[in-house]
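All chains are identified by letter, namely A, B, C and D, in their written order; residue positions are counted from 1 within each chain.
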Amino acid sequence: MKKLINDPAHYVDEMLDGLCAAHPSLTRDGPAGRVIRRTEGARAGKVGIVTGGGSGHLPLFTGYVGPGLVDACSIGNVFEGPTVDSCMAAIKAADGGRGVLRLYGNYGGDRMNFDMAGEFLEDDGLELSTVLGTDDIASAAPEERSKRRGVAGIVYAYKIAGARADEGASLAEVTAAAAKAVERTRTIGCALAPCQIPGAAEPSFRIAPSEMEMGIGIHGEPGIWRDTLKPADAVADEMVDRLLAERPEGSGHRVSVLVNSLGATPLEELFILYRRIAERLDKAGLAVVQPLVGPFVTSMEMAGVSLSLCFLDDKMERLLAAPASCPFWRVG
Amino acid sequence: MNLTVTHIAAGVALAHARMKTLEQELNVADSRLGDGDTGGMLRRVLDLMAEQRMDGIDDVGVSLGILAKAAAAATGSSLGTLLATGLLTMSKRTKGRTEIPWSELAPLLEQARDAVMARGGAKLGDKTVVDALDAVSSALAGAGDQAGVRARAVAACDEALVRFRNEPCRMGRARMYADKSIGMDDPGMLAFARLTESVCRRGT
Amino acid sequence: MKKLINDPAHYVDEMLDGLCAAHPSLTRDGPAGRVIRRTEGARAGKVGIVTGGGSGHLPLFTGYVGPGLVDACSIGNVFEGPTVDSCMAAIKAADGGRGVLRLYGNYGGDRMNFDMAGEFLEDDGLELSTVLGTDDIASAAPEERSKRRGVAGIVYAYKIAGARADEGASLAEVTAAAAKAVERTRTIGCALAPCQIPGAAEPSFRIAPSEMEMGIGIHGEPGIWRDTLKPADAVADEMVDRLLAERPEGSGHRVSVLVNSLGATPLEELFILYRRIAERLDKAGLAVVQPLVGPFVTSMEMAGVSLSLCFLDDKMERLLAAPASCPFWRVG
Amino acid sequence: MNLTVTHIAAGVALAHARMKTLEQELNVADSRLGDGDTGGMLRRVLDLMAEQRMDGIDDVGVSLGILAKAAAAATGSSLGTLLATGLLTMSKRTKGRTEIPWSELAPLLEQARDAVMARGGAKLGDKTVVDALDAVSSALAGAGDQAGVRARAVAACDEALVRFRNEPCRMGRARMYADKSIGMDDPGMLAFARLTESVCRRGT
């Protein structure tokens, strides 16, 4: 596994410096510079949305800071949660006086640190709420949905909650919008080749040249099965089938689709998959709204893809289409 | 002699030195069941802990508090955060005291264990670092001197690793691979055992 | 080299179907569907811009069809030029009645086919011009600049010529703007790992796990040196030095920068490189305008990066900042 | 007997069959000096050529025109486009005739060679497919029957490969690696030689 990097100890900080240098709408802030916030600052009178997590997933998390999306982000080392101090600083940076929603993936370290940060800040009278991304259907049975990992589908929660906040909604309303987006989003991923944490002697997993693994997590957490590499259409079919088997109750016939590269998988392959996925959804009587195809949530140089479906209602569809802009995604 | 800041500082130095070889071992253990970062993360935590100057500090609670802050500043990973939580709990209970009798270590570790369980949500038997912490605190009950503490702590860690090796993981990332985790050491327990051994083996 | 594909024989067509399905602003057209054009059609009274080349480089070429950029694109098989028929069809699709600029990379197959297409169409009275991308400094000596390959820097020519055409300029003016952009743009690439043409038994080249190659082309054409993998800063320095050594005559102190992934190299590494590149340009007294960091011109799953510098004058800077929009790049 | 559409159709079938094993050999040759697609590209060209139905066609020029169109429809690569150019030239010169004396093959190939040079810009000696084409057209001068044409064409190709092997490439992608290309066959020449051999070896 080759990387164009310097000292692994500086990987995250150099990456953040480059990110902010290239994108002046983003500013490094907070303890050890591990907060990325909107350069123009929190918008007074708007509910703030803060996210955070480990590094190694660009554009996630830091890349989604922008109008109509999230206001600030605490960012940890590669695959490690953000520190409690950076979570506190990010929450403060997102605070526009109407409360702050903590919206991040369901991982132990992230949760502990955002919880602790909240315990400190609630003493100061800051109104806070939490919604955890739990879209990865491969990470727990449907009966234990709340235990699932958050993966690529979180971008739908960013977009929908971000648009709701922009409309001037209250903390409770923004929180409900985020919770609804999470509840209505399902993701499954598969990998062809691993990534390696900078400084680690070994890749995060090993997989034979002829094999793939279905259900793998964005940190290389083991999946559902490992077998011979399948044709793209077969992979697309299995992913669609698995997601449709968990179609949320009460969902209608409109759905947004995210075909996401885990890093090394090129756009060509994403479009080959998307072609089949769109056909399959059409056959299932679903109308695709605002499809997203590209690298949205990655694992550095991991090869593989994930498929997310966000089952929309009218309100979600309106919020998804509302203007938003960050360095890696623009709507409207 | 009782436990003092000198013991703590020496323990940090020993654990820090141990990370040289332990880092990749823990990464590999974590890459089988989790995301492969336990070793790199703990190395960074101990780097920062070892950088903390304890000169002129003789309050055990203060010194533990400094270490807790260092751990929390170095990482937000599950294990690192739980380590910071445990140290912070022990720091609060020892604030203002320059010496702690060795016999008090067991109840202090019990309180740390409870705080870690409250923060992380793991239960006893889930095969996490909590079980190693629990094994040590139980084993130390009644240990009145440093030699006894050392021997019992090391033995308790070894015993816990063996006892849990063939159990499934029930918490954290490894939870999903309960079956796969049978026969493997939990990275957090393994880290705790290896570092306990390194701190206890040589004279602190 | 693993790929999520079906039959290699259908790679390009399935990819184009997926691309157009996901991006309704693009439409497949022409012989064998090997033209991608703007769905809304050519704009009457505007000079048309047509491009084309082989597949395997997304977002290039097809992805840059859109307002303020190119109007139509003929697309070949992987690493093969487009057929003469698709070049003719693409030129016609771009024709808004004021002539068409053919703007593509300097490769034998592409040139022969666009030339032949032009010979046929000029008989019909269509006014045509040609500008070839020749930005890859590793592909010929400065004395032979016109023989150089066109690589990632062509996106500057698309943007600048596209904006000029949008302003209502004549074919000669649009052609001059494109030629100026090419003349003022320099690129160099390096690779860490190869790609593989779908259906080929072997990767397009082999490179040891400890090595990198400087100066490689976007089809894996051999480069300048091959040696131990260097730290990111050293790679950035060498690329900057090589490009600055060829600073175009008469260029000022404003420059746009494109740090481009060849496919598998993740954003994290691009930003680590960008950080250093921006520092080095600053030290050289150059002001960076509108930096671009991401996958703009790739070689499927090749690992590596390229650096392009576009030395601006006031007019180019204005055209670069003008509104433009395609599925993978939006300005304004 | 003179050259007829039957010979042409049989030649296409033989060349097409040869691509099964030749495809990867040419890809590898092209990956050393170019972009690795010569084999896959020619296979696709010959697939489409072989699909063309020649039943009921006896005009040599028409049949060559069909093949030229097929080549141009299958690819826009350098070699494929030059092949289409050469075939189109020969098609134009033979339009309206059902039989071509073998002795006319040499001047026809010369005209094809000139058209290919005009389209691609290569000169003689640049170590491209043009040199192989030139070698064959020169060798055929004076050959009056099919057996002679066959033997001379195969020998000329072999000779050209050997003659140019230790020369540097001066055209196309390989131009940049002039030094590297010494000792290697140019993929286009190699393709031309292998296919000529497959067409000439067995009875057409």
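Everything below uses one rule, namely that a residue touches a chain if its C-beta (ideal position, glycine included) is under 8 Å from a C-beta of that chain, and two chains touch if they have at least 3 such contacts.
Keep in mind it's a predicted model, so treat the numbers as computed, not measured.
Between chain B and chain C, the least number of touch steps comes to 2. Taking each chain's centre as the mean of its C-alpha atoms, chain A lies 32 Å from chain B.
One simple way to say how far apart two chains are is to compare their mean CA positions; for chain B and chain D this gives 74 Å. The distance from the centre of chain A to the centre of chain C, each centre being the mean of the chain's C-alpha atoms, comes to 30 Å. If each chain is drawn as a node and touching chains are joined, the picture is a simple open line.
By the touch criterion stated above, chain D contacts chain C in their complex at residues 24, 27-28, 31, 33-37, 39-41, 44, 72-78, 80-82, 84-85, 119-120, 172-173, 175-177, 180. Interface residues of chain A, counted against chain C in their complex, comprise 2-7, 11, 14-19, 21-22, 55-56, 58-59, 63, 192-193, 209, 212, 229, 231-233, 235, 259, 263-275, 278, 291, 293-295, 298, 300-301, 303, 305, 328, 330.
Across the complex, chain B is touched by residues 9, 31-32, 54, 74, 76-87, 107-110, 112-113, 115-116, 139-140, 147, 197, 199-205, 217, 219-222 of chain A.
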